[in-house]
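For reference, chains read A, B, C, D and E in written order, and residue numbers begin at 1 within each chain.
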Amino acid sequence: MDAGTILGAFVGFSCVAIAIFMHGKPTDFLDLPGALVAFGGSFSALFIFFPARSVLSAFGMVKSCVFEKLPDPSTEIRRLTELALVARRDGLLALEERLAEIHDPFLDRGLEMVIDGLPREKIEERLQIELQCIEERHAVGKKMFDQLGASLPAFGMVGTLIGLIQMLHELDDPSNIGAGMAVALVTTFYGALAANLVFLPLAGKLEHRGKEETLLRELMIQGIVALAEGDAPRAVESRLKPFLDPKTHLPLAA
Amino acid sequence: MDAGTILGAFVGFSCVAIAIFMHGKPTDFLDLPGALVAFGGSFSALFIFFPARSVLSAFGMVKSCVFEKLPDPSTEIRRLTELALVARRDGLLALEERLAEIHDPFLDRGLEMVIDGLPREKIEERLQIELQCIEERHAVGKKMFDQLGASLPAFGMVGTLIGLIQMLHELDDPSNIGAGMAVALVTTFYGALAANLVFLPLAGKLEHRGKEETLLRELMIQGIVALAEGDAPRAVESRLKPFLDPKTHLPLAA
Amino acid sequence: MDAGTILGAFVGFSCVAIAIFMHGKPTDFLDLPGALVAFGGSFSALFIFFPARSVLSAFGMVKSCVFEKLPDPSTEIRRLTELALVARRDGLLALEERLAEIHDPFLDRGLEMVIDGLPREKIEERLQIELQCIEERHAVGKKMFDQLGASLPAFGMVGTLIGLIQMLHELDDPSNIGAGMAVALVTTFYGALAANLVFLPLAGKLEHRGKEETLLRELMIQGIVALAEGDAPRAVESRLKPFLDPKTHLPLAA
Amino acid sequence: MDAGTILGAFVGFSCVAIAIFMHGKPTDFLDLPGALVAFGGSFSALFIFFPARSVLSAFGMVKSCVFEKLPDPSTEIRRLTELALVARRDGLLALEERLAEIHDPFLDRGLEMVIDGLPREKIEERLQIELQCIEERHAVGKKMFDQLGASLPAFGMVGTLIGLIQMLHELDDPSNIGAGMAVALVTTFYGALAANLVFLPLAGKLEHRGKEETLLRELMIQGIVALAEGDAPRAVESRLKPFLDPKTHLPLAA
Amino acid sequence: MDAGTILGAFVGFSCVAIAIFMHGKPTDFLDLPGALVAFGGSFSALFIFFPARSVLSAFGMVKSCVFEKLPDPSTEIRRLTELALVARRDGLLALEERLAEIHDPFLDRGLEMVIDGLPREKIEERLQIELQCIEERHAVGKKMFDQLGASLPAFGMVGTLIGLIQMLHELDDPSNIGAGMAVALVTTFYGALAANLVFLPLAGKLEHRGKEETLLRELMIQGIVALAEGDAPRAVESRLKPFLDPKTHLPLAA
């Protein structure tokens, strides 16, 4: 679970909530029609903009991004070095028993190809294609959240315009002006808050996670190829070490 | 028919309609001069910006994008493999009878060149040029809808300025202020809604469709070239498989 | 004459005019000091931004863009094929008599170099340099109109600020507030309308015209080089055909 | 002196001044605290953004840009051809007497290296490095004025917010509202006017001047290298001619 | 300590403070809930956008950027030339005694590798990787401050919306309108001031510092490699001189 995201969202919304509670009634900030326009409008536009499949997969990506931690590159290196040891000692087929312990589908698929004895060029090519797809999904996800970050304030303004137009037609009763305008502004508030506290930051998060995952997958591809070529455990380790952060890397090299 | 687009537009407009109907009269949101300025202005500007021919073709593209489904790549592979079988068994000329069943003009033109016995370099070159034109049309279409998405809010504001200026000259009668300002704001509402719920999302849709069609056309070019070279049906199939999504692709490869 | 531009501008301004005439007096939309600030300011800034020579040439480009039609590529191919026939039959010097009929200075200059017997590399190089200059002028023209499209709304706002500040100092007489504010807003209206209905679309038009002219000039360069190399008329024709739109091209090839 | 810049600024400010004088008192547009916030704030931010040295050099560049004319390329070609004649007739050392007449430090430094007999690769390399620095300075200058063009309206708004907040706390005396708000708006007026009439156009001017100077310096480098190689005057001239505008160039070539 | 940054910030805030003190009470500009929304919101969003580690490191970079001066390239050249003299005279191991005087960890690590006798390719490769990490950290830092510069005004607006909505629900007591609106506007003031006077300029500062540090580190890498290759002090000096500003460089070369 990504503590930064959870904490950031919690503290951010708390700051807003405190500002609301310190003065006036929180119910002043609830407005169903406004929420319908701001959120309903933005998400509907998203389904015109992107294929429905991509929209759903982007939300799945955010979930995995926040609640699942990527394995540490050094853990992954240790695992691959271990597998190289098994393969050296007991042969490639012995890897099959280990497959059950591996819950990462990418690594799993790679190892299966090694066990099936596919040539290493073939293995690398297929995994690279799969990696490209993962990268593209991340890019589409980032674009989608950037798009939400742009359209939420716009639909917020649309909702406020609706409220203002309705309020201006009822000016006869001056006691309603304030409340009417307040309700109209709530929609802009929804759009601006959701865009700036949720969707634009998530677009950044997805971009960063995409880079991290790409690095990890490339490490895995190199490790799997090393297994397919029958590298010794030490050779596997020294082949994968450059993927580590130099800070972590230098002490290892000493 | 693209369900996402239809549904997205339907739900989006419903959200806005509900917000309007829940409070006040819907007729408050009708304003003919405002619509004239917002839509008339934006579309007029479009005809200065782009050649008239491109504007019309862009709207045709949107229609085909929403109401016509692109054939599935795997269906197309099956069709081309079948044609390869026919060509192998009964000769290239036997393809002629099949032409009537093919309603895609691009594939049709390609097959005719194969039947006419044109050299494969010539066939590939001509189809590539045609594909470039298709891609450019998609790019111009996307640019046009992005342009509308930028000029609609601008003309909405122009309309609102007109309404405000007129209203401000009639301040003597204070009972008109509210209604005058409401009418003025309707134009901004039109511009913002049309841009964010229709034209900007359609620009995204066209971009995505363009990528999809390019992939499909490249698959077709490879298939047609394979036919021209007299490939066996199996060879055609394995040549076209890499165009499939790896998700679909991997089980096929097993 | 480019019908799209003329019609677009006419319909666009009519929409705005109708909205103005349907309600209130059109004189409410006339404000000399406002026009001074919006247009005087924007155009003055343009002369700081770009060299005076470029500014004037850009307006000349728009004029030629709207009132002069580029010759059709197929007409140009026919003309060059004809000239090739003349050169073949009567020798290069016979082309001299035809020069009087050619009103295009670019083609004219090219043919003169052919008649003078310059080597083809020299001819091509000089025409390419001239083409580069034409392209750069179009790019500067587009940038200038984009710049006007950005500074007109800004100066419109400057004018409105001036009007508001003046009006706010005369609040003692409340009957003037409305009219004062209306006059102030007219400048914003000028800036927004001129930018969105005239200058931004013209920037797009110049860009498109630039692409079209580049294509035509490249066709001419190929044709002139073919003449210099003494190609047969048929060879000239088949050399220039790929410059045609594939739609027009394919029937020709049949 | 660059007439376009001087005239542009003069006409632009005159338009604004006329609009101000035609109605109301010009003193309404003076506000010291507002000027402090808009200009003081923007220029202070500039010293955080860029190193102090770059800020000062950028203003020097604008001065030289407006008040010093770059020598004409054809004048420069004539001068270099003349120097080649001197070098041919009286030897490289005879150039030394001419140095006093040359007030351009770049050309001066180049000629000194020629007289000192440095190898031409060395001369070219050093002058290219110096040219790169000149180009980078122009790029930083442009960026700085673009930055001012963005931060001036922002600080204008900050000043207006200060004025509005102060005015809103004194609402008890309604006769002050108008004047208070007018004063508040003056800061926005300062920011918008300075950005759009001065700094953004100057950013464009610097960019254009940078391109022009680069071309001139490259011409000089070629000329100096030609001198170092002992080219004949005619050879120097024909080597430098391609740097001329083709319009000027073509008649020369005839 | 970077005088420009300190002075820029001091003068900038003074200008704003003077404008505030010249008229009205400074306490009108204090608003705790507003500060919570503007700053709390923006910084919370930052922790969703970027990994927590990067956020903290970016603030450390700003501190070092403002309070620590980078060594002068010419000082660094002198130091490396001196070390080359020591290495020549007393052998590489004699460098070990000098390590204590060197407080730069990058140079330190490089020299240690030289003393350990690592091959120069290895040394260069490792230092280049470390340099890449430094550059990336600077790029992330710049992006982070640009992000703050965009989200602070947005959260300022969110805070103002909260204040406006609360104030509009209490319109019954007209004497509160002014103060309520003033308080609401304070948040926008916070966001705009912090973004334009602090965070956007700091983004520029980080970018510039990043370039400077990259140059210095590359100079160090070259110097360390020269040491590893056993270059003579003079050779080290002439190898590093091109890293100097040509202005400083040219007199040295004379």
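FYI, a residue touches a chain if its C-beta (ideal position, glycine included) is under 8 Å from a C-beta of that chain, and two chains touch if they have at least 3 such contacts.
Owing to the predicted nature of the structure, the values given are computational and were not obtained by experimental measurement.
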Graph distance between chain A and chain D, where chains that touch are linked: 2
Same or different residue numbers at the chain A/chain B copy interface, by half rule: different
Length of the line joining the C-alpha centres of chain B and chain C, rounded to whole Å: 28
Whole-Å gap separating chain B and chain D, where each centre is the average of the chain's CA atoms: 46
Where chain D touches two or more other chains at once, by residue number: none
Chain contact graph, described as a line, ring, star, complete graph or other shape: ring
Successive chains around the closed ring, taking chain B as origin and chain C next: B, C, D, E, A
For the chain D and chain E complex, residues of the former touching the latter: 32-34, 36-37, 40-41, 44-52, 109, 126, 129-130, 133, 147, 151, 154-155, 157-159, 161-162, 164-166, 168-172
In the complex with chain B, residue positions of chain C that touch it: 3-5, 7-9, 11-12, 14-16, 18-20, 22-25, 28-29, 175, 177-179, 181-182, 185-186, 188-189, 192-193, 195-198, 200-202, 204-205, 208, 242, 245-247, 249-250, 253
